[in-house]
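Look for chain A in each of the two complexes below; its partner is chain B in the first and chain C in the second.
Let's look at the complex of A and B:
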């Protein structure tokens, strides 16, 4: 009877084992990288909108405060999108013939809201509130980035669970005075940790328990 | 034995199936989202005509009563003024805001004699309901903040219409041109 296994069989077996195990680890690593990639988290991607609204123009060049349009941000869970009335408080007089703004005028005439497409949206199983963050001195810039330089809005931070937790474990060095939350250019020479710890006492922020699952998943 | 085996398989399948349900987009009504339930396609429905908010009485009381003038009120007023009014009226209240520089009709300066003499009521009214080409801000500026903004406008008027002689010495010396 001939040999079932050739001389090289042992080598082939080892190579096969290596490929299978190495491949599995490789697939795992690629999956991990993909999960954290900008493609998956949507970071840096823009979205088509009914009107090409520019934050760079309005919040940057014209220095309109975020709260002029996102008025709910200090007192409710949602910052909210501005109603057409807010746009028309300026565009009833400015650029009244512009083709770009035709959907806004139509929205006012027909009393139908503009449908803005979401750029930043957490999964529905995550509970998030704006007011508690803004009142605790977390600036818009720490979660949304330099919005006043964005011609079209994009996600500047991944807003993944690890991003939220990084701050919830140790909020102090990321806090700023409540009056400056909407100020994209806020800067201090004071030590951030020192300032943050003072602010935490002043605003009665208690970081204990901020990392338990039920804070964000309820 | 066989029945228990079957029950185990069914349970495993059920658990596996549950894991496939994507909870990241749930069928629930969310603020400002679209709705297929209401005819106008909006989740947020206006209250039926004639409905009175539970907070209406408190809001009316706030509107009627001028809060005591203190440093906190002025600070709040300065902040709210900067957010909602300064784009057009300018930080100094002279009517030269950044949006006016781009072609919006210029509002009058608050230091005009007519506006210096106007009662607080007039300002409260203008903030809530607008005036001429200016839209109203009732939805974004609640009554307490309106009083704060009026206090700030009064401060702007006063600071631009004060006899230098009536200032304390230290402040008079800090004026450009330096009083004796």
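Let's look at the complex of A and C:
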């Protein structure tokens, strides 16, 4: 009876096995890397806006406080977007004819808010509260990064669940005094953990409940 | 085996003798090969096979339709709702998974105990196990609210910074099913390796030669290969046997974890192991009876094999019956008002039919197996086995659903009616079983040919030598 397989069949079979097993491992590794990539998390990607608003200019150069525009951040779940009137508190005097600001003026004339495009979008099943974070001494910079260096806003952190949990599991070294949350350049020489533990006592942050599912998911 | 000679049965044929393998003495190796391995290119009853395959296809279609409807609408298309949250999904999962256990039991435990008669039954039992575990394993995926995220039950380096919830039965299901699937698939494949090689050598068409050749992984039957094979096969058998006990005890804990009266008797783990193996033996009996006709292998699966299956059914059936008794006894012995209420609901409530159906089939009808004539008659044994499968399903219903309908608060009492799509999914799951199984019948040696030849050879040597 003639041989069914050629002499090289074993080698081919082993190569095929290697390719299949290696390929499966490879697919897994690629999937894991992709899940963490900026492509997936959207970190570092700018988003087109109706008006190319520069945080670098407003928050950085002009030193306007975050809360001047995002006024709800200390008292409400949402930080809030400024109404056109807030923009106009300066721009009714400054750059009144600038072409770049035409949509802002139109918005005021038509009494219709500007439609900004969301840069940070958490899933619907995540109930994020700005107020409790600000009141507990989590700086804006911790999640939003150095927005005072961003000409166009982009996500500075992946804002994945593990990013949230990292802090929820051990908040102390990431806290800062409540008064300084909006300070982009805040710095202390004190030991951060030491300071954080003191602040946690002061602000009554109970780390025990912070990792329970229903803190963020309801 | 004097017992056999002194029986009042018709004069003992060649099959009734005192061997351990229960095969006709004059069975030659060529005959074994012809019966088992030549099926692939010369099927004895093609029309019956197509009927089986067609039936499986229709049922599989029904299954797929039910799954599409389920995914499109969500689990709301099912009838389960507070307080009966665990219904057909869990019930059928446990039923199918339990059935799977008998395959491992026959193959692995009887291999280690060196019972040669297992060689006629182990392959079909292993294939049954594999398909039953697949049917079972799909249920936990289907019953998820977001089934496409089923892989969240697996521990992998995810960007959520989370492990699976190890306290959750959903994670246990995943571990149980995946472990069982891997071990039973490995055991099946490794056990079939020499048979694939034999099928390769007997194949006539080039395509079949290559396909079986690839499956045989270059098996030549050298001493070295046999040595490796024997060690590997026994090692996996040793892994598989504890799994039978661990997995079915595991899903009894799945219920014990729930805050539900009627789920907490300490008899549950052994009760579930016995019930699982019991229901599995029933399906093995049915399949063995069907296959010996379909493949014309009455000489390889003899009435004595059926007799042995009948005895195993009887033995495991009585263990299960002890479970019923102990479970009811514990409820009254506890003196707990609610436990007693739940047990009374099982015995006399609106779903009491499930309890009495289980008792009637698993304890009542089963007693027919005390008669050898029943055990050795394919039709009678098939009828009892079918009754056991129904009875075991009713038992799972009684155990799982009745306690939930009688919750702690009277105001929360509510019945349960399965919806159309719930029932169709269950009926369709037989298609998931039958379609691959009928393909196996066609292309995989359904009886372990080389092991049969080995025991026949040993016996010949003993006789002549």
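We take it that the second predicted complex is superposed on the first by the 218 of 218 C-alpha atoms of A that agree within 3 Å, B and C clash if a C-alpha of one lies under 4 Å from a C-alpha of the other, contacts with A are read in each partner's own complex, and residues count from 1 in each chain.
By definition in this document, a contact is a pair of C-beta atoms (placed from the backbone, for glycine too) under 8 Å apart; a residue touches a chain by one contact, two chains touch by 3 or more.
Note that the structure is predicted; figures quoted are calculated from it, not measured.
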Message = Based on the shared chain A superposition, would you classify chain B and chain C as clashing or fitting together?
response = clash
Task = Mind working out whether A:129 is in touch with chain B, chain C, both or neither, as first, second, both or neither?
result = neither
Ask   = With the two structures laid over each other on chain A, which partner does A:32 touch: chain B (first), chain C (second), both, or neither?
value = second
Query = Does the superposition put A:179 against chain B (first), chain C (second), both, or neither?
reply = first
Task = For A:4, select first, second, both or neither according to whether it touches chain B, chain C, the two together, or no partner.
result = second
Query = Touching A:80 in the superposition: chain B (first), chain C (second), both, neither?
reply = first
Inquiry  = Contact-wise, after the overlay, does A:90 reach chain B, chain C, both or neither (first, second, both, neither)?
reply    = first
Message = So in the superposed three-chain picture, is A:13 touching just chain B, just chain C, both, or none of them (first/second/both/neither)?
response = second
Ask   = chain B or chain C: which reaches more residues on chain A?
value = B
Ask   = If you stack the two complexes on chain A, which partner ends up touching A:188: first (chain B), second (chain C), both, or neither?
value = neither
Request  = State the stretch of chain C that overlaps chain B in the combined model; pick it from 418-426, 436-444 or 454-462.
outcome  = 418-426
Inquiry  = So chain A touches chain B in one structure and chain C in the other; where do those two contact lists coincide?
reply    = none
Message = Can you tell me which positions in chain C touch chain A when the two form their complex?
response = 156-162, 200, 206, 209-210, 213-214, 217-218
Key: Complex contact set, residues of chain B against chain A   = 23-26, 28, 30-32, 34, 40-42, 79, 82-84, 87, 98-99, 102-105, 133-135, 139-140
Request  = Could you please specify the touching residues of chain A with respect to chain C in the complex?
outcome  = 4-5, 10, 13, 32, 35-36, 41, 158, 160-166
Ask   = What residues of chain A sit close enough to touch chain B in their complex?
value = 61-65, 67-68, 71, 78, 80-81, 83, 85-86, 88-90, 92-94, 112-113, 115, 123-125, 179, 182
